[in-house]
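The chains carry the letters A, B, C and D, assigned in the order they are written, with residues numbered from 1 in each.
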Amino acid sequence: AMRLIIDTDTAGDDCFSMLLALHQPGVTVEAVTICGGNIDFDQQVENALYTLEVAGKGGKVPVYPGCRRPMMRKPIDAEYVFGEDGMSDAHYPRAHQRPEASHAVQALIDIVMSNPGEITILAQAPLTNIAAAVVQEPRFAGAVKHLWIMGGTDNSLGNVTPAAEFNFYVDPEAAQIVMNAGFACTLSTWTLSVQDSGILAAELADIAALDTPLSRFFTQVNQASVDFSMARYGVGDSLHPDALTCAIMLDESLILESGDCVVDVETQGRLTRGYSSVSSPRLPAQEVADPELGSATPANARVIRRADRAAFVQMMRRALGA
Amino acid sequence: AMRLIIDTDTAGDDCFSMLLALHQPGVTVEAVTICGGNIDFDQQVENALYTLEVAGKGGKVPVYPGCRRPMMRKPIDAEYVFGEDGMSDAHYPRAHQRPEASHAVQALIDIVMSNPGEITILAQAPLTNIAAAVVQEPRFAGAVKHLWIMGGTDNSLGNVTPAAEFNFYVDPEAAQIVMNAGFACTLSTWTLSVQDSGILAAELADIAALDTPLSRFFTQVNQASVDFSMARYGVGDSLHPDALTCAIMLDESLILESGDCVVDVETQGRLTRGYSSVSSPRLPAQEVADPELGSATPANARVIRRADRAAFVQMMRRALGA
Amino acid sequence: AMRLIIDTDTAGDDCFSMLLALHQPGVTVEAVTICGGNIDFDQQVENALYTLEVAGKGGKVPVYPGCRRPMMRKPIDAEYVFGEDGMSDAHYPRAHQRPEASHAVQALIDIVMSNPGEITILAQAPLTNIAAAVVQEPRFAGAVKHLWIMGGTDNSLGNVTPAAEFNFYVDPEAAQIVMNAGFACTLSTWTLSVQDSGILAAELADIAALDTPLSRFFTQVNQASVDFSMARYGVGDSLHPDALTCAIMLDESLILESGDCVVDVETQGRLTRGYSSVSSPRLPAQEVADPELGSATPANARVIRRADRAAFVQMMRRALGA
Amino acid sequence: AMRLIIDTDTAGDDCFSMLLALHQPGVTVEAVTICGGNIDFDQQVENALYTLEVAGKGGKVPVYPGCRRPMMRKPIDAEYVFGEDGMSDAHYPRAHQRPEASHAVQALIDIVMSNPGEITILAQAPLTNIAAAVVQEPRFAGAVKHLWIMGGTDNSLGNVTPAAEFNFYVDPEAAQIVMNAGFACTLSTWTLSVQDSGILAAELADIAALDTPLSRFFTQVNQASVDFSMARYGVGDSLHPDALTCAIMLDESLILESGDCVVDVETQGRLTRGYSSVSSPRLPAQEVADPELGSATPANARVIRRADRAAFVQMMRRALGA
């Protein structure tokens, strides 16, 4: 049995990740916490509430609004990917459930500290909420059972700049705080997503053909991502970084390859804001390469290198066909 | 006909690159300029002189000692790859030819500025000499016919840190100066080298079997690289970033794929010293991704994405079999 | 009437500042919040509780423990100035009052947001607590009546490095967040303290001669600062940055000169961690000096340039003689 | 007897410094080297040549054009202080002497290395030329007798930004290279200039009343500085950082107070480009203040803290009255 908090900037794929977790037997979603990221903050809250309703969980999972903007940087957004409402401009009606009055950071600390070693967190947004919890309560990291992070790159191209992926780019200071806080932690990178989170056009059609309420919701909300992919790459598929991260958390047999790495985040660079440095066994020992670097610190994250895309798509299909 | 200056930190593969160029019909190597990098500076000078002698060019190509250390950073070296003498500890005798009295930077400026548009430069070392020439003479970049650079990464793993390749890491300020100086320029990255510059164990055996003076020289000098590869990766092959860069310069038909990119170099980061930012058509326009980034600057380098490894090995074999 | 929260890393002068505020008619200290800084965090909490007791306010002002360490940096401390217990190693007994269970950041947000425009904050520690409140609740800054900050320098020598004062150096990211959050704010710098916060040896003797419980407490707790000054500068006086800041807050007629300035904090430098950039009317317009700098942003802080030292000492004498 | 090279961005006060040195018995100005800085580079060359002519040294001191722009940064200028021609828009005729063909960096290296321990350098411009010489020839610093630098601040306000003085701001990388190169070196800062380099309105009138060719030249060229001072500060005096630096070099008895300091230059900051960190005996040992800082490096520059302004003005008066 998994007790889960989902930290999310709810737009597009964030919703599908929620659906996967909400659908999974044995998983209790204890809270959804909202963090500034993809689109307008209040719309993100509404999207989370609406997704719960669509999943038949309206009123059953509290939604806590959290940090509206990054710790130190100007907010940026990803409306150009997800549409203005983050839902392919579906403009859904307001859900009946309303957000909690208390703050996500407080909720995270309260739930985790009163259930030490019990709570898993899926962080699929910029890491501002998680970092703020760490700043406020240094024992937070040690009390979380496992932190699953969608963010960063694994020595490959980013999606905001060559150096950086969106979640880490938006709030690099938060990412640095979190990566160095001592969490038991797994990192699911944009690099992995590009490789193994795609749902192909034919598979999308299969999902649409299920014609369930959830599959219709998926197909509608996913439209902007498909359009973006078509416009940019000429291919009608879509990438699912958050949903893939959720999937491998729900079923670790989807992890085909991973490594324990030293991961840190650049906050000082001119070209490299939010770059995630991920160690590699292919590199010489860093103190040999440059004695000034000193010895490497111990591994602080398991980095997923390869995931079972077919099984992921199957899991999506099952959840959406329910 | 190509009029060429080779800027080199002569150790291991630097020598093979020199052999390729010296052997190539229609190419005049006008000078060899030495830049601090792989190993002890004076030994690098000797290695260049000895390589000329081995190639039968002793006394025919002037060797100019240049900048002994990076502009602003403490020197590091790569003796752990190439042996203490940079020649797999072969400890060759001193060549008859002696280095020129004048400085590489002065030689570069003098030769290029008195032959505007005529001189090609192959830069296969940290870029200190080239950058110093730019600082001293801003018209230098515009007067060079083409600059071929071995350095940087192409959105992939470095070889000193995850973020950076040796030549750019050693002198990032020089690399930044050079990349922004306005050269007509081609970049051959470590990423390309990992992919397409390897000579496999069987091919190395073929080269050894040629049993010519040059093949014997190659086999001996290459030993440390093979040992390094064997010790680290369990494979008895060797990588040839400098020689591959020279090969594609000598015969551009070896370039199978390339793109015009915006390339810049990180000098400010805590984890990303010497990171080469290489733009990608897969990224959203940067002003869409983050309006603060403004519009991208025009492409300033052709980046090689794929090279013909088999043809490269053939070229090496021909040169060494002569 | 002033409703005040004191945010403090309680050691030495922090206590005297508390005494001033607690003694002042018309001022209600609504809370004391503790922030990591001068010495061991838990000892700081005890020092605050004991100071309340000494001031006859034991049990009447809640003390909220806050952030134990800086947002991103390793903690440093100032035990070398204040003694191991921050009280000149007086090792006072434990106060009867105990700290609150809830966190300083939560308390700050709750008190301020439920009394918008009513609460004054005196920040005499690293700014981690205040910044964490801003990160969590962006409306916090606008809801505070006035924020008085002891920190930074005013184009003069720091006290940790040449570039930086202790509070800003310890948590530069927090300082940057706070200075850019939109507070109505006054900055009392280390530069001001060096100039106008000293209590001279003869004045210290006068205070000792009062021989009240508070004057004895002061004299004992202040001993380490006097010793530090004597050892370093050969003068038996002591500096009182926190108490001076409190004094000018309590009686603004002590402000002899001030200016509205653009203040920002360096977090990226190699030598300048925590440097406070304070604009000056003596500088050319920055867009004239360097067009790349663009136009200056509007003033965000009143910076105190000169204070009435004699009146400050009088205020201390009155409070301690009571 | 002093053998001197003056490195200058010849505009306004740079000329007066030249006049002082050229007038001084026992001083041989071996070369003037021009570095990009105050105004248009070629105009700077002309200003140096014209100043030599005015001083009666036309054709007797070679003028070498050097680096036209900073190593890595976009050039900025100070035309807003000195007028478009750097000579208060006097638009003097072209001098008869023409600049040398060879480059300042080469000249600096050649003269110094062939006269080791003999040559004094007065650096009154951005440090690009000197740094380029160091990069090219690491023995350069050790072969210079003494380097006098006008640049940086001494824990006080800059003149481009709060953090930085013009010469260090324009080329911070060069300044960092030079300060760490191992020169026997004296630093005359903007802080010193503000305090002790002013020539008061009455003194300016006295100089004008001398009515010699040199005093007329001075009065005319100095006009823009006086106007700038009047417009900005409402005072009709002028500051003479370069001339004061020259004066204390020519007669060290003008140095009233100085200290051996650790000086370094910030190149990484967001707000602190070109900040000069100058150590102070008033600071705690840095490894006590923050153990991560490690032990301080040895002093690398004598920093002038107080100069004899009256004697400086006298020296100017004598030189201009000749």
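The rule is short, and it goes like this: a contact is a pair of C-beta atoms (placed from the backbone, for glycine too) under 8 Å apart; a residue touches a chain by one contact, two chains touch by 3 or more.
Because the structure is a prediction, the values reported are computed rather than measured.
**Q** Measuring between mean CA coordinates, which chain is farthest from chain A?
**A** Relative to chain A, the chain with the farthest C-alpha centre is D.
**Q** Enter the angle, 0 to 180° in steps of 5, of the rotation superposing CA atoms of chain C on those of chain D.
**A** Rotating chain C by 180 degrees superposes it on chain D.
**Q** Just the number, please: Cα centre separation of chain B and chain D in whole Å.
**A** A distance of 39 Å separates the two centres.
**Q** Approximately how many whole Å separate the CA-defined centres of chain B and chain C?
**A** 56
**Q** Which residues does chain D have that touch at least 2 chains other than itself?
**A** 267-268
**Q** If every chain is a node and every touching pair an edge, decide which shape results: line, ring, star, complete or other.
**A** Ring.
**Q** Applying that definition of touch, give me each pair of chains that meets it.
**A** According to the stated criterion, the contacting chain pairs are A-B, A-C, B-D, C-D.
**Q** In the complex, go through chain A and note every residue touching chain B.
**A** These residues of chain A touch chain B: 74, 76, 80, 155-163, 169, 232-233, 264-272, 275, 277-280, 282-284, 286, 288-293.
**Q** Mind listing the chain B positions that touch chain D in their complex?
**A** Contact set of chain B toward chain D: 66-69, 71-72, 103, 105-106, 109, 128, 132, 135-138, 173, 176-177, 267-268.
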